[in-house]
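Can you read through this structure? Questions will come right after.
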Amino acid sequence: MPDFDTSLPSIRQIQSLITDKKEVELKLVTDDLLVGKIFWQDMECICILDHYDQKTIVWRQAIVYMKPKP
Amino acid sequence: MPDFDTSLPSIRQIQSLITDKKEVELKLVTDDLLVGKIFWQDMECICILDHYDQKTIVWRQAIVYMKPKP
Amino acid sequence: MPDFDTSLPSIRQIQSLITDKKEVELKLVTDDLLVGKIFWQDMECICILDHYDQKTIVWRQAIVYMKPKP
Amino acid sequence: MPDFDTSLPSIRQIQSLITDKKEVELKLVTDDLLVGKIFWQDMECICILDHYDQKTIVWRQAIVYMKPKP
Amino acid sequence: MPDFDTSLPSIRQIQSLITDKKEVELKLVTDDLLVGKIFWQDMECICILDHYDQKTIVWRQAIVYMKPKP
Amino acid sequence: MPDFDTSLPSIRQIQSLITDKKEVELKLVTDDLLVGKIFWQDMECICILDHYDQKTIVWRQAIVYMKPKP
């Protein structure tokens, strides 16, 4: 697998969102909209923690966009 | 093919789910939701075992998200 | 092109299904469900033989899941 | 770009279909079904010639399956 | 990034369409059909010029097929 | 990861759009149409700034086309 380039702006922004425990909206290719805090990211996936502390592992390939919850 | 990096958090989490025989929900790009225990994973696929012990081989490229069955 | 890794569990399982001439259901990204015996596989495609001995070459990129016909 | 591996079964089958000028049905991710003779293939695309001798360049990434027209 | 292989038939055909300023129809994964002249191509994208001289940058990953406008 | 090739026409055009603060329409695989100014781009994502100065990180894999807002 290629390296996980932590100097990429997008990777760093997500890292900030993890540290700041900000809520985000994650739009997926199925048109689902997940809402929660980002718990961790790796090269393949991003893990979201919802209001009930349930973890959802989202595959990066399925992500359309991410934005801070207004 | 690139190596299957077993040190990745997402790969390790799935490995734990296999060991613990936890039930998961697997959302797919076709909007299907598969429910079952993860039986094995490799670089290309994840195998799910349902209530009737039927095995379904799911291609990773088609996975949107995975979460523990509540 | 990368090598076709015949030691992968998913590749080996499909190889067994070819040898055993077991019927499978193949779910595709278009939501089509193909039913038949797997005739051959290579790195790009899987070939399915239906009841009328008609061959369909399916691109791996379009496969969502495969399961033995119940 | 990686090499175009002409020894792959799927590539060779398509090459035979080109030589034999057999009609095929090509199912695409948009659910379109193209019918025609395969004119040429390269690593990225497959070119289809329809009844009106019109050429359509199809991207491989968008192909779901191909089968001989019954 | 891999090289942009200008000897590929598909790349050369598109290059001809640019030189000849032929109108094409571009079918996209969203089922959109763009009509216009191809302005330029690179490894990632193809730029289309419509009747109002408006440029649209289309990502290759989203292209299903291209054909000359009848 | 492969390098981010800033000499690519598509990358340079987007860079110009960032510098010129031009509004663009971004069509996504989910059929969503985002409107805003491009804030930054990296190899994986493009960040859009809307009228309310809200940032949306869009994954490149999910982009269909981009055009200047008329």
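Order of writing sets the labels: A, B, C, D, E and F. Residues in every chain begin at 1.
Here, contacts are C-beta pairs under 8 Å (C-beta built on N, C-alpha and C of every residue); 3 or more make two chains touch, one makes a residue touch a chain.
This one's a predicted model, so the numbers in the text were calculated from it and none came from an experiment.
Visitor: What are the chains that subunit C and subunit F both touch?
Guide: Touching subunit C and subunit F alike: no chains returned.
Visitor: Suppose chain centres are the mean of their C-alpha atoms. Which chain sits farthest from subunit F?
Guide: C
Visitor: Between subunit D and subunit C, is it the same set of residue numbers doing the touching on each side, over half shared, or a different set?
Guide: different
Visitor: Taking the mean of the CA coordinates per chain, how far is subunit A from subunit F in Å?
Guide: Comparing mean C-alpha positions, subunit F is 19 Å from subunit A.
Visitor: Nearest whole angstrom, what separates the Cα centre of subunit A from the Cα centre of subunit C?
Guide: A distance of 33 Å separates the two centres.
Visitor: When you check subunit B against every other chain, which residues touch at least two of them?
Guide: 2, 29, 61
Visitor: Which category does the touching pattern between chains fall into here: line, ring, star, complete, or other?
Guide: ring
Visitor: How would you write out the ring, from subunit A onward through subunit B?
Guide: Chains encountered around the ring, subunit A first and subunit B next: A, B, C, D, E, F.
Visitor: What residues on subunit D touch subunit C, complex-wise?
Guide: Subunit D reaches subunit C through residues 2-3, 5, 8-11, 13-14, 27, 29, 31, 60-61, 63-68, 70.
Visitor: Name, in rising order, each residue of subunit B that touches subunit C in their complex.
Guide: 1-2, 28-30, 32, 34, 40, 42-45, 47, 54-59, 61-62
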